[in-house]
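Shared between the two complexes below is chain A, which pairs with chain B and chain C, respectively.
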Partner chain A sequence: MITLKNLDFSYKRTAVFKNISLEFKEGNVYGLLGENGVGKTTLLKLICGLQFPNAGICKVDEFIPQERNPYFLQNIFYLPEEVITENTTPENFINKLGVFYPCYDYSYFLNLMKELEVDHTKKFDAMSYGQKKKSLLACALSLRTDYLLLDEPTNGLDIPSKALFRKVILQHSIDVNNSTDAINRINRTDAINRVPTIIISTHQVKDVENLIDPIVILDHDEVLLNATFEEISSKLYFDYGSEKSDDALYTEMIPGGYINVLPNKFEMESKVNVEALFNAVRNNKKKIKEIFEN
Partner chain B sequence: MEFKAHQPIYLQIYLHICEMILNGKYKIGDKILSVREMAIEVGVNPNTVMRSYELLQNKNIIVNKRGIGFNVTEDAKEIILEEQKKQFLEEELPEIVKKLKMFGISIEEIEKLIRN
Partner chain C sequence: MNKTFNINRFGNVVRRDGMSYFSNYGWTLVVLWAIPVILWFLTYISMETFDTGVISNRATTISTLMWLSLMIVPSRLYKNYNDSRNGVVLAMTPASSLEKFLSMILYCVVVTPIIYSIGALFIDTVLALKPGTNPYDGFIFSDIFSKNYESYREMLSLGDEELNSTIYDYALSKNHFVYKMLQILGFSSVFMFTNMLFKKRKLSKTIGILTILGIIFSICVVRYVMNLEYNFNANWTDEEITNYVKGVVNYAYNFIFYSSLISASAFLYLTYYKIKKQTY
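Coming up: the complex of A and B.
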C-alpha cells in the first residue's frame, strides 16, 4: 500500500501540494487524473523517491521512498512520459537494467516485445517515438515489480498500439508473478499470488477508461476524488438524454443529445463516463466532496 | 467486445453471458470463463467482471464451486427467460403500445402481421 499523509511539496517557491492525504491500495490499476500542472508527475516522483516531501509522510509498504532502501528500489519502477534512450537496443538496455530487479523476467520481455510488435534488436535511435515508448513499456513490465508507475504511457501511440497497450497492461495486472524462478531467487514466498499495483497518470482518458479502477482526481491542494467505479456509479447518475437537466452538476453535448451528471438520488444504474466525471468534479469541487463523504 | 455507450459495462457483460446461455453456447453445468480470463477477453478491469459474476451468482444463474470455478446452474435458462420476460412486459411492451397508439395501428392489424 502507498500512503501519503499531510504531505507538503514545493519546487523552490512554487507550492505543488499542501497538506494532501491519499492512499493507493494493493493490487489495483489506478487512473491518476488532473489538470495540467496539478502535480501528477510530481506525485509519482515522490512515491518512487525521486523527489522528497517538505513535510508529511510518504510511505510504500514499510518503506520510506526518500531513504532509497535497495529492497524498496528493486520493487518499484517509474516510467517517465518523455523517454530518453541511449544508443543501444531494448534487449541490451533491459539486460543491463534487469540485474537490479530480482523478479526481472527475460522471456516475458521477449513476449511483450512480440505482442507490442517491436523488434527487440533494433537500436532505439532508429525507432519512432511510439516504438520507443512501447519498447520501454515492455522493459518496465518485464521487471515485474510490485509497484509500477506509468506517466502518460499512451501518449504518442497509434490506434492499434493503444489497443495492444490495454491488452498487455490488463494481462500484467491480472497475471500474478508465477515465475518460480524469480521467487526462488529472491527467496520470498509472499511474492506468490502478489498482484502488482499500477498507477497510470493520463489525460487520454478514453485510452484507459475500461482499464482503470479506482480513479483518483488530483487538484493543487487536495484530492478531489479517490473512488472505485462502483462507488462512483452509486453516488452519481450519468443521464444520456435529449434534454439538458437543471439539476445537473455538469452537462455536455454529445452526438444525439446530452450527457447530464447528477447526484444519484434514486439509486439508479448508469454507465460512468470518465470525461464527464472529470469535468463534473472540476466544476463542483465542494459539492462532489460532500456527495462522496456521505 | 464492443460496448454500448449508455449501459453500465458490468451489466453488459452480465447480459452477454445470459445470451450465451440462452443460445446454447453455455449449457447446464458448463464452466464459464474465470474472472481473469473474461477480463482479458473483453478488455475490462477484473473488478468490473467480478461485479457481473456476483450478479449472476445472486440470481442463481451461475454457482461458484470452490477451487473449480463458475458453473451454469440447472435452472439458469428458466431464470434468465423469466427475468427477460418480466422486463419485456414491464418496460418494452409499454413502449410498443405507445407507438401502436401513436400510429393508430389496430390489434387486428398486428395479429395479421404476426400470423404472416
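Coming up: the complex of A and C.
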C-alpha cells in the first residue's frame, strides 16, 4: 500500500502540495486526474523516490521512497511521460535493466512487443514516438513490479495503439502471476500472490475510462476525490437526457442532448462519465466532499 | 538482505555500465588512440628537420592523453545521471547508491586509464617496430621497466650534474605508484563530481574553473619559488645545497600527496552525496 500523510512539497518557492493525505490500496488500477500543474507527475515522482517531500510521510509498503532502498526499487517502476532517448534496441535496454528485477520475464516482454506490434530489435532512434512509448510500456510491464507508475501513457499513441494499451494493461492487472517464467525466477515469496498496483496519471480520460478504478482527483492542497466507480455511481447520478437539469452539479452538451451530473438521491444506477465527473468535482469542490464524506 | 552493498547487485551494475562503455566512450578512445599515430606521422615527415621521436616526448604525450581520457570519461559514460529525463532509469535502477558510486569509480578511475594506456603503449610499440626509416627508436615499455625515466630526469634538471643525480635518486626513492594513483584519484574525482553538478557543458565548465584555479595556483608557486631564491645562500656547502633542494622536493611531494588526498576525499564524498540525493 502507498501512504501519503500530511505531505508538503514545493519546487524552491513554488508550493505544489500542502498537507495532502492519500492512500493507494494494493491491486487496483488507479486513475490520477487533475488540472495542469496540479502536481500529478510530482506525486508519482514522490512515490518512487525521485523527489523528496519537504514534510510529511510518504511510504510504499514498509519503505520510505527517498531512501532508494534497492529492495524498494526492485518493486516499483516509473514510466515518465517523456520517452527515454537511449540509442539502443528495446531488447538490449530491457536485458540490461531486467537483471535487477527478480520477477523480470523475458518471454512476457517478447509477447508484449508482439502484441503491441513493435519490433524489439529496432533501435529507439529509428522508431516513431508512439512506437517508443509502446516499447517502453512492454519493458515496464515485463519487469513485473508490484507498483507501476505510468505518466500520460497514451500521449502520442494512435487509436489502435490506445486500444492495445488498454488490452495489455487489463491483462497485466489480471494475470500477472500466471507466467511460469516469472514464478521460476521469483526469489521473493510474497511476490507470487501480489496483484500489481498501477497508477495512471493522465489528461486523456477517455483513453483509460474503462481501465481505471478507483479515480483520484488531485488539487494543490487537497485530494478532491479518491473513490471507486461503485462509490461514485452510488453517490452521483449521471443523467444522459435531452434536457438541462437545474439541480445538476455539472451539465455538458453532448450529441443528442445533455449529460447532467446530479447527487444520487434515489440510488439509481448510471454509467460514470469520467470527464463529466472531473468537471463536476472541479466546479463543486466543497459540495462533492460533503457528498462523499456522508 | 543488505541494502547498502550486495556483491551480486554490484556485479549487475558493473555489467550494465560495462555494456554501455564502448558505445558511449568507444569513439573518444579511438580519437585519443589516433593522436599518437598522427604525431608519429608528423614526426616521420619532419624527421629530417626535427629530432622529435625521443622516448621522453612520446611518454609525455601518452601520459597527457591518459589524463585527458580521465577528464572526458565521466561526462561520456554518466552524462545522464543528473538529467531529469534520462537520469530516471539510472536513479531507479534497483541498486544502492554505494554500488552505483563504486561502479562509477571503477570505470572512471581504474578501467579507463588502464584501457587507454595499454592501447596507446601497444600502438606506440607497433609504430616503433616499423622497419626501415623510423623516427621512433626504442620502446616506452623498456624505459618504464628500466626505471630510467628520462622525462623525469629532464624535469628535475638543476644544472649541476652531481646535484642533479643526488636529487634524482632521492626523488625516485619515493613510492611513485602511490603518488600516481592518488593523483589519478584526486584528478578524476573532480570530473566525476562536476559531471554530477553541471547539467550542460560539463567538461568546458570544469576546464574553465580549473584554469582559473590553475592561474591562482601558478601565482602562488611563482611567489614560493621567488622566496626560495631569496633564501638560497651562495656560501652554502654542497651538502647544505643538497639538503635544501631535498627539502623542496619533499615539500613538493607532500603537496602532491595531501592535495590529491584531500581532493579525492572531498570530491568523491560529494559525488556519492549527489548520487544519493539527486532529484529528478
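We take it that the second predicted complex is superposed on the first by the 284 of 294 C-alpha atoms of A that agree within 3 Å, B and C clash if a C-alpha of one lies under 4 Å from a C-alpha of the other, contacts with A are read in each partner's own complex, and residues count from 1 in each chain.
Convention: a contact is a pair of C-beta atoms (placed from the backbone, for glycine too) under 8 Å apart; a residue touches a chain by one contact, two chains touch by 3 or more.
Keep in mind that this is a model prediction, so the values were computed, not measured.
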**Study point:** Residue contacts on chain A - larger count, chain B or chain C
**Key:** C
Exercise for review: Quick one: classify A:Phe24 as touching chain B (first), chain C (second), both or neither.
Suggested key: neither
Practice item. Look at A:Phe229 in the shared chain and tell me whether it touches chain B only, chain C only, both, or neither; answer first, second, both or neither. Key: first
Practice item. Once the structures are superposed on A, label A:Glu86 by its partner contacts, choosing first (chain B), second (chain C), both or neither. Key: second
Exercise for review: Could you look at A:Lys45 and tell me whether it touches chain B, chain C, both or neither (first, second, both, neither)?
Suggested key: second
Practice item. Answer with first, second, both or neither: which of chain B and chain C does A:Phe124 touch in the superposed model? Key: neither
Check your understanding: Should A:Tyr108 be classified as contacting the first partner (chain B), the second (chain C), both, or neither?
Key -> neither
Practice item. Report for A:Phe165: first if it touches chain B alone, second if chain C alone, otherwise both or neither. Key: neither
Study note, to complete from the structure: Given the complex, residues on chain A that touch chain B span 28-29, 166-167, 170-171, 173-175, 210-213, 228-230, 233, 240, 269-272
Check your understanding: What does chain A use to touch chain C in their complex?
Key -> 45, 48-52, 68-71, 73-74, 76-78, 80, 82, 84-88, 92, 96-97, 99-101
Exercise for review: Show which residues of chain C lie in contact with chain A when the two form their complex.
Suggested key: 1, 3, 6, 9, 12, 15-16, 19-20, 23, 85-86, 88-89, 91-97, 99, 276-277, 279-280
Check your understanding: Touching chain A in the complex: which residues of chain B?
Key -> 3, 5-9, 11, 36, 39-40, 43-48, 51
